Every structure is written in C-alpha cells, then in structure tokens.
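We call the chains A, B, C and D, going by the order they appear; numbering starts again at 1 in every chain.
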Amino acid sequence: MTVEEFPIKQDLKKKVRKIETGEQRHVRHEAMEAKEVLNEIVNHFSGNPESMDYFYERFEALYCDRQKPHDDKKVIGTMCVQIPDEIIYAAGAVPVRMCNGFYADEQVGSEFMPAKSCSLVKASLGMLKSGTNPYCDDVEMIVNPTTCDQKTKTGSVMRDMGYDVYDMELPPVKESEEGREYWRRSVRKFTKNLKDITGEKVTRKKLKQTIGKVAKAQHSYHRIQQLRKAVPAPVLGKDIFLATNAFFFDDLERWTEAMDRLGDEIEQRVADKHNAAGVRTPRIIFTGSPPIFPNLKIPLMIEQADAVIVADETCSSNRLLNDMVSVDEWFLYDMVDAIADRYLKSCTCPVFTLNEDRQRRLVELYKMYNADGVVYQSFAGCQVYELEQRSIAKILEENGIPMLYIETDYSPSQSGQLSTRIEAFVESLKSRKRKLA
Amino acid sequence: MNYYAGIDIGSTAIKLVVIDEEQNLLGSKVAATGALVEKNSMEAYNDLLKDVGLKESDISYLTTTGYGRKLISSADETISEITANALGAKRMGAEFGTVRTIINIGGQDTKAISLDEHGTVVNFAMNDRCAAGTGRFLDMAARNLEISVEQLGEFHFNAKGTPAAVNATCAVFAESEIIGLLGGGHSREEIVAGVHFSIAKRTIRLTKRVGIKDVLYFDGGPALNKGLVAAIEDELGKELAIPKTPQVTTAYGAAIQGLEVHTFEISEAREQA
Amino acid sequence: MTKIKNWVNHVDLRSFRFWFQLAAFVLLVYGGRLAIDLGNSLPTFSCGYNRENGGVCYLLPLQHQLAQPWSRLFSGMGLAVLTGLGTFVLWFIVINKGWCGYICPLGTIQDWITALRKKMGIRYSTYSDDQFKKLKVIKYVLLLLLIFIPLGIGGQFLSHDLGTPFCKICPGRMIVPMFNGDFSQWVIDFASTERMILTALGMFITGLFLVGSFIKKRFFCFFCPMSALHYIFAKLSPFKLIKDGGKCTRCGDCYRVCDMEIRPIADDVVSVDILKDDCIMCLKCVAACPEEGCLKVNVLGKTVFEATESGFKKRMTPPEE
Amino acid sequence: MSSTGFIAWVGLCLTLVSLGSEGSVGREENSPLWLSGTPPNMEMMKQFSRAHGGMVIRDEERNYSKMLWLRAGDDLKKANYLSDKMGQFYLLDVKSNASQPAPSSADSAHTAIKFKMPDEGYYNAYYMEQNVRDGVRYVDVAKREVLKHNCQLGHDFDVEQHRPQSAKQIPLEVLRLRFDDETYHTRFNSGKNVLFKVLYKGDPVANAAVTISTEEGWSRNSKTDSEGIVSFLVIQDRFKQNEAQEVEKKQYKPKQTEGARKYKKEGKSEHKQAESGGSHGRMRRRSEEFLVTVQYREPSIGEIDGLSYEQSVYTTTFPGHFSPSQSAYKSYAYGLTFGSAGFLVLGIGSYMYRRRRIKPFKEVNLDD
C-alpha cells in the first residue's frame, strides 16, 4: 500500500468517503510518524551530508511507500543485537532486526504488556501484531534471545500471534567459562537448526564469505567512527543513528556502499575542517536504551540544543557494529565459535550480571572522542538500564565525566521538560568547557 | 550604563527582573502566566520597566528562561532555567556563603542542582513527569482545605497533633486523599503539616541524587512558605538559605547570563577591532 | 617515521613469521654446517644433541652443571653456573619470549605440523578452562625437577643415569637432530633402569608431541620448562607486550587466535604488562586486535608494533572467493 | 659320628672352599678352559698397567709384555685359575710367526703365559690339551686375541693387515671377523653384531654349536652357517646397580674447569664416541668379559697314552671384552614402539574426546 491509496484522499465528485480500516489507519499513523521525524532530521538541520540522501530515501521508501527491502530472500527476524547476522546470511537468509521505534506500534503493543514495561518491547510486539511493517509478512522465523526478562517473555506472546519463534539461549553471566560454553552451544545449535528454516546448510565457504561481507560493512562503519573523532565534528550524530538504523533491514552490500560514500564525504569534510555544529558545541557520548527510528527524539533534542553526538554506546549503533570477528583457521567450528565469542564477550548489554565492560567502554569513548559529556537514555520500564544508571554514574563521576540521565518513552509529549534538562546539561557543559579553556 | 532584563516564564507565573551592569537588582515583578504567554509577558515587562524608570531601548540584553522561553520573539537570548537558576542563586545566595546546592520548587517541577565552587552546574535532577511535590500540589491542598497559600505556614506551626501521613503525593489525587484525612478526624493543621513533610521528604530524596554540600539554597515560590521550609529543615537536619525574593532567582540568573554574554560579545568585538 | 610505523602496523604477520621462523630454524638447526656457533646458553630449544646446531639450548648445560659434585658446585663451579645463567638472561631479554614464537626450532616444527593439519582441513582442539589451569602447572614441575634431579646427582643421592633428565624426555632430542638425518636418538637405552625409563618416556613423549601438535596448536609449549624459566626473567626484558585495558572491549579476538589459549589476554583489563607465563610472544594477538592501540609491543618504552583498525582490516578480512 | 669328627669334616670343607675361592687348583670336568687377562690376585695386579687390549707389564724401555692365565669354568668371574700344565701354549705374533712358549715363571702358582708384544696388531695366544675319557678324545683349546696398540705410533688400521689368523697346530679354531670400519679403538658395544668364523683344520665348519656367555651369566646358543660363520648381537647383561655406581664414582673425573663453554664440546664429542665406539670418553667405560665356546664332534679312531678312543670332541674357547657404554644397548625397535605408543595413546585419546564432544551436553558430575 502506498500513500496514494490512503482513503484520506476523498473523491470529491462522488462525495463518498470510505472509512479507514484498522490496518490502513495504522499504516497512516506509522507513515505520519516516520515522515515527521524524517522531516525533522532533514529539514531542521542545515548542511546535511549529501550521501545521507540514500538513507533518508530508504526510510521513506520503507515506512511511507511501504516498499519491501528484500523481495527474493527469506527473512529471519532478530530481536536483539546478540543474534549473529553472519550465520543467518550464510544460511541464505537475511536478518532483519525487529526492534521497533514507532509510537503507534507501542500503543498497539500495550495490550500485551504491563503498563510499566519498556516502550521498545511494546512497540516491537505492536509491530508484529499489526503486521503492517513491510517485512513482517515475510518473516520466516523470529529469533528471540533470552536477554532481558521482557524480551524473553515476549517469545510466548509472539508465538501466540502465530509467528515461528526460535528461543536462543543467552547466559546471564558472560565472564564465566560456563557462560561462554553455554552460548557457544546455543550458537552451534542455531547454526545447525537454521537449515530447517532456510533449506540451506551453513558451509565453511559460505560462512567465510558472509563473515567477510559483514566485516566489510563494519569496516566502513569504523572508518566513519574514526572520522568522527575529528574536532570540529564533521557530522551530526542523528545522521549516523539513522544510517546505522538502516543496517537493521537494508541489503548488506548496498548499505556498505552507501556507508562508503558517506565515509568519503565525511573524510572530505574533515579535510576541509567542516564544522557540522557550532564552535563551542559540546561533544556528547550517547548511551543507554537504543534510539530506533523513528524514536530519535533524544538525539534530535540533544543536537537541537546545540550539542553534537560524536559517539554512542547503544545496541542500535555502536554495539551493533563495533566488534568484529577474527578467525584463526577458517573452519566451520572455529568460525562459529569466533562468532559466538564476538556476540557474547564484547557485548555491553546491561542484561549481564556485571557491567564493568560498559563502564570502561564509556570512559574510553569519552577520551577517544574528545567528548564533554554523556547522555544516558533509559526507557521507562527498562529495568536493566535503569538499574545500571547508578553504577555508570558513579564511575563517570570518578572520572570527572558529566552525565545526564534521562528516563523517557516513545510518547511524543513531555518534550518541554526533557528539552529543559538537555539544554541545561548542554549549557553546563559549555560553561565547563569555557572554564577548562 | 547598560541594563539587562531577565524573564522567567514558568508554568504558573512569569517572573521578571531588571539589573544594571554591576548585577544590582533594580526591580522585579511576578505575574500570572495565563494562556497568552507572550502578551502577558510583554505587558508585565513594560510595567516593570516603567516601575524602574527605564525605556525598552535602555535594556541591552533581554534573556528569557523557563518553559516558555522560546515564546518571546523579542528575546536576545534564551537559556534553560537550570543554568539561570544557578547563576541567580550564586549571586543572591552570596550573602550566605558559597552556594553548592540549590533546591527549586516551581509550579510544576522540582529541581535540585549542585554547583561547584565557581557556581557552575555540576549535576542536576528534576522530578519526573508528574507534579507530585511541586507548588501545584500545595495550591491544590490549600484550596481543598479552604485556606490561602499564604496561610499554609501559619497552619503548619499551629499543628498540635502528629502531622497526618499523606501518602499519595500526586496533585491530582490530593483532593480525594485530603477529604479522606479530614473524614478520619485529622485537623487541617495536621494535614498541612503532613503535606509539608511529604513534600520535604520527596524533595530531599531528589536532592540527595545530586548531593548536598555546604550552603543549601532554596528558592522558587514555595520558599516563601515558612512551614515548608521548616519541614525540609527538620527532615534534613540542616538550615536552608532562603533569599529575600526567592521567586525571581531564576529570572535574575537569566539577566546575569545576558550581562555575561553581552560583555563577552563586546570584548570579542573589541578584540576583532 | 610515520610511514615506517604504518608499514609495520600493517605487516602481514603470518608470512613475516613464517619466513623469520624458517630463517631462525636454518640458523639453529643447520648453523653448525655454516660454522655458526651462538654458544650454549640459548634460551630456546636448539637441541645440543643435534650435531650441526648453531648454538645449544641452555637447559642441557644447565642440567650438566648442576650435576657437579656439591663440593665443586658450591665453590668454583658455581661461578660457571652463574655465568651460564647470566649469558642465558642476556640472550633472553633481547626479545623476551619472542624466542618461543619466532626462533625455537621445536616451536617452528609445531607450527609446520599445524599448517599441515590446516591443509588437511582438520580442526584443532582446545583445552577447557579447567584443564588449562591444571595442566599449566606441569611446566613448573618440570623446571623444578630439571633443577633438583641434577642437584640430587651432585649430592650423590641419585644415580648418574638420571643425568640431564629433561633432555632425556624432551622430544627435541629426537626430533631436532632428525632434520640433519640423524635418527640415532630414536632409541631406548637399556644401560640402566633409569636410562631405560627416561628414554622410553622420551620416545613416548615424542609420540605424544607428534600427535599433540597435530591436533593442538603449540601442544608442547604448554608444558615447556624453558617457558617457565623464561617467565622468571620476563620482567627484566625491555621488550614488552602491553595492553591498554581501557580500550579493550573483551571481544576475545586475541584469545581466538592465541595458539596458547591464554584467556587473560582478552579478559584481563587491569594488567598493563600482559605477558603471561604461557605466552610465546608470537604477536598474533596484536595483529588480531581491532581496537586502536589496545595491544602493543614496546621496546624500551617505545611502541614498535601496535594494534590498529586498518591493520586488522588488512589482516583479518577473509579473502573473497 | 662324634661331634669332633663332624667339626673336623666341616673345617676341611671350608678349607677346600676357601682354597677354591682363592682360585688355584683343579678343573672340573667338562668346564671350558679359557685364557684370561685378569691377574688372579691384587698383589699381582700391581705389576700391571693399563693399555689398549687390557693389562700389560711395561718395562723400563716401554716394552709391553702380556700375561694370560689359564682358567676353567663357565662363570667368568669365579672361574678357577689352573695350576696344572697338561697342555701346550702356542703363540702367533702379528706377523703370523708361530712359537711354542713355555709356561711363564712369573706366577709359579698358576698356569700362565707371558709374551712380549713389540709390534702393533693382534697376537693370538693358544693353549691346547687333550685327554681320553671313556673312549672319547677331548681336545680343549683356549684362544685369546690380544691387541697391541700405542696411540703415539699412529692410527692407520689396515683391516687387511690385521685380519684374524689361525694356527696350523690348532684343529678347531675360532676367528673373530673384523668389522668393516674397525679401528684400533673399536669396541664391542652392546648392540653390535660380532661375527665369528669356525674352522676345523683350516676349513669352515657348518652347523657347529657355538655358545656365547657373559660374566653376568647370560648365554645364547647358535649354529654356524654353511660358511662357518655365526653372528651374535652383543647384549648387555644388566649391571648390578651398586657396581655400576661404584664404577661411576671411582672413575668419573670431570675435567671441566673452563666453565660452560666446554660443555658443548663435551656433549658433542661424547655423542661422537657413542657413534664410533672411541675410547676418549670422559668416563672410563665399564667392560664385561664374554666367552665364545665352540664344540665339534667327529668320529675318529686312535690311541693316546695307551687309551684308545672312537670319537673326538673338540672344544675351543674365545674370550673377549665388550663394552657396556652409555649408549651400551639402544634399541630402535623399542624406541619406535614407545614412540608409536605415545602416538596412539594421544591419537586415540583425542579422537575419542572429540567424538564425545560432538554429543550435545555433558552433565557436571559432583563428587560425593
């Protein structure tokens, strides 16, 4: 269904108006939301990189024009960052991340979840329930890792909706050898079982190829990350968030090419000493609950308040693409184990018992990207991020790093209070910076 | 002589301040916000200018803050109320010592701000979405008990029995809870004291998130309520620093910000010249 | 300078190591034919039983020297022992444990066997954490034995037939001379019970060595008492393996490529000098680390080789087929 | 029997035993006769000095003389030194000049021969006696090959020149064939194959019974082939532990004073000695005596000293030393066996382990 088909366009001659069906209404809501956010991203900022147009168009095509991203391939839905893309690609399918950011979907999803639960989980469920998302119809199977309680429990809800759900067991402790072994078994089993869904066996050669392809994508992302270290900041964080969001569903190779083009442009900008933000604009590290299109509320607010996000520590962007697989011997066993390690050991998801890695990572990002402060977003109801807030705040304080903790959800309201906080934070960073200078 | 004005447009009231370049307070004014924010603000602004004997053109820099800060088209600069509050408190609280922590209870929010020794914001915390424990809650309570807001302090100190335990600190539910307490035989004084203590507890919890150091500065409209001040001091076991005009601290800070930015611009222009 | 640094950081470590190891192998195994003699305090398994060697493994003279009668050992001879040890330490600190990863002929042979296995498409084995912890003690036990048995002989508590006990069971004695066509060590010596047991054990271990290194990368290095002896002096070396724990994401890439399965290389984010006792300093971990500057090799405090993102990209991207 | 008589009888026995152990007197019937280079007592020993080929007597002009004693018995350590002189000594010098020396007067208590060794090479000493018992003629020959070598005179060992010799007077002769790479310093190391050739009146004897026995009592029987040749793998009887250590302690004289540098050379040369069997070892090597005994029967009719016989039994002995060195007896076969055992154990072990690992999950076992 495209925008043109919406019954909102009344046939004035006949003077009849068809009342929208539930599905049409939902599609319209989603399109409106997507359009509005895209508008904000594109039009409220000047000097957007030209090569970002690809990504703007991708989102518009997907959510406004309802174009399916993958026509010819089987789609495997994934619920979290821990599901290895490489293996799914090697089995001849395409992984699509089912994490969703639509308020409209969250409203639908509220039916299935307690009131005080996480917006992201609600929205993801809502998306699956309404089934209007262009890739929902094609999903062969949804792989649901046992990360946080809410995601874990949604497995049964999704099953009730009629989806084929694969529970992938993730250990809650990642430091222990038992945890590592447990997860490796999960991944090995997954690799083997995928054949039943896709009909294609994961072979040594294919897996090696897909590791290469994903690595290539990661490399182009990394290149941009390196460039973002430049002062002044050559690109705004909202664009990078949008681009990495496209990794959720886009064709891997096309995405990589687009990222390469973006990288080229940013490189030129760095050479030109182009400044995407103001001269004294504070540089922000974003962390916490993932901003997923179109819920880019907080990143947009930050950058509208004259700060620039230079790096992030979220599972929709940096955590998704940062760590790469390295293999010593290109055998299936070694590759699968290597993939398992990469998705478990380096993961800074707060579901794990300890969050030491995340603390170190944030401090390091702060140093590496020459940042001025950290913004910590937590979706109301996301217990793990809410819980970790204290320990992260403590570590950051020990290191003299200012942090703003924001509890939020997908609702478009409360922006007045949020923007006050963000602006106040940015102002305090500015005055701090002034003083340090 | 340059003059600077600051307007703090809150959810309930508009606060205005005019200062000179020595940061001396020339005059201040408080008006209701209403729905036509810009119109009401500009009227109050003109009134104030008339009071202090200045023309609009005498004001070098007009800085706005508060929720409605972006609604004033003639503003030279907008800053967030937290930064403004910190600036104002640093100046106004100077008589008590170095202000390191600020509690601000406004019409619909409560803020706690911690400053470093130079008066820069180190950390701050705000109440979440609901209006529990804010000025609005006091308004509701006073209305339900059929007393004026100004009388709250008096009632607080007249409470003879144990303060009533007020649990639901939600402004919306306050009404039903207070009626329930009245029905339960509590006197109005006890209820007022109970309300104060519950707000005090909530405020202190928020303040602890940013840390309580040295001089604890309390401003915002409710700071005029001696009963609430006493309740917070009792709960905290520490004396609060209350300015003479606690309502206008934030507007005062906004004016100071205007002064600083203006001075900075002048010096920059001079350097360039 | 930056250019050289860049070149080093992008080096194809795999082939660099291969050629370096080959050269070192020729030098040590065939050096005698070329009239090369690096002395007999080399901190590497350049076996003394190999007649054409270019220098001798320190463990052989060490065991010999310690088997002196005590009266001799604790007088003039003691000085000779110290001189030998001093020479050993001087050799060692030049490249620290790099002796294992780049020079040791026995290590190189193991790498070749590994390459053979790789060619055949057979996967390698690993130890579990538990096994690892238990097994790693063995090399210290061997080190103690190879010191105390000769001392026991010198003190006349033990039979002379237990002389150079470690060499008797070291597979290097059988395998290294073999490369000069000398198979004379592939025997059981029936001269006495002790000799018989030791040489039989040696042959048995040689068998284990050959299978072991086929299925497990650097199988023997894990039990190598030389490695334990190295570790005692490792802190003295100006050649250091450094880790910046802050930069580490614990992705485990370094552990994955580690022939010695050293877990702390990935998990330990506190230690700066990350060299562990099992390390063979092959530097594969540095080459496999994707985090800019997280792992590096410092010589006298100057970084000579460090992990870079672009280096990782060059080395670790699988070749497209 | 009275108790006094019993004591006297025991005393007599003890005297006889002690006399026997001192080593003199008679020969038991059928015990082989052989020529030994070891002096019968320590007193005698003092006259001797060490040289290649065993103990020699060296006079002022540095001329070597060799002395050999006639002994009888299988037990090479305890064999009796004989004192009766029923037979005849023969001597073949290096240049094959035969002589019939009289028994030496240097040791009047025992039967011995003493001869000068002016030339480099092998001297062959023989003793032969015969007697008839029960119609059988027993001819007993004891032969010993003695090498004279002085390192100062050079080491050009010519295998042709030093090939084994036989004496015409000796009916049954045992020759030790030289090794291809034999030198003056060649030892019979354990593990070597030593070839012996048996001649009867100059012709090779097929199917002659040959026995080799060693000091420690090990022995092996074999038969000659059609060319009269028999080969023995020199085996090492296991040393008694204490004895081995005694030897080590007494004779171990480390020469290293220059410290570590020297060790290497030692290590290498030691290795080379093991290969070539040279004798410049750091330690004196242990050596053990062996005895080769050949017997040959032949129907023959004759009469000696009035005793007639219908059959002749010839017995010839050939003693020698072999050296249990450090590389005394090494077995490639066992080496490879043990090596492959290691190969198999770990190979199968890891195969099983890997197979087991394919199974999905192994429960954690708790010790109870």
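Note that contacts are C-beta pairs under 8 Å (C-beta built on N, C-alpha and C of every residue); 3 or more make two chains touch, one makes a residue touch a chain.
Because the structure is predicted, anything quoted here is derived from the model rather than measured.
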| item | value |
| --- | --- |
| Central chain (by mean CA position) | C |
| Reference chain D; chain at largest CA-centroid distance | B |
| Pair of chains whose C-beta contact count is the highest in the structure | C-D |
| Where chain B and chain D are represented by their mean Cα positions, the distance between them in whole Å | 117 |
| Whole-Å separation of chain centres (CA-atom averages), chain A against chain B | 39 |
| Length of the line joining the C-alpha centres of chain A and chain D, rounded to whole Å | 90 |
| Centroid spacing, where centroids are CA-atom means, of chain B and chain C in whole angstrom | 72 |
| Contacts with 2+ other chains: residues of chain C | none |
| Numbers and ranges of chain B residues touching at least 2 other chains | none |
| Contact set on chain A toward chain B in their complex | 402, 407, 414, 416-417, 420-421, 423-425, 427-428, 431-432, 435 |
| Touch list for chain C against partner chain D, complex | 39-41, 48-49, 51, 56, 60-61, 64-65, 68, 72, 76-77, 79-81, 83-84, 87, 125, 156, 159-161, 174, 183-184, 186-193, 199-201, 203-212, 215-216 |
| For the chain D and chain C complex, residues of the former touching the latter | 190, 236, 238-239, 241, 244-245, 248-249, 252, 254, 256-257, 259-261, 263-264, 266-268, 271-272, 274-275, 324-332, 334-347, 350, 353-354 |
| Residues of chain C touching chain A in the complex | 118, 121, 123-124, 128-130, 245-253, 255-257, 266-267, 269, 284, 288, 290, 292, 309, 312-313, 316-321 |
| In the complex, chain A residues that touch chain C | 175, 177, 181, 205, 208-209, 211-212, 215-216, 219, 222, 226, 322-334, 337-338, 341-342, 345-346, 348, 356-357, 360-361, 363-364, 367-368 |
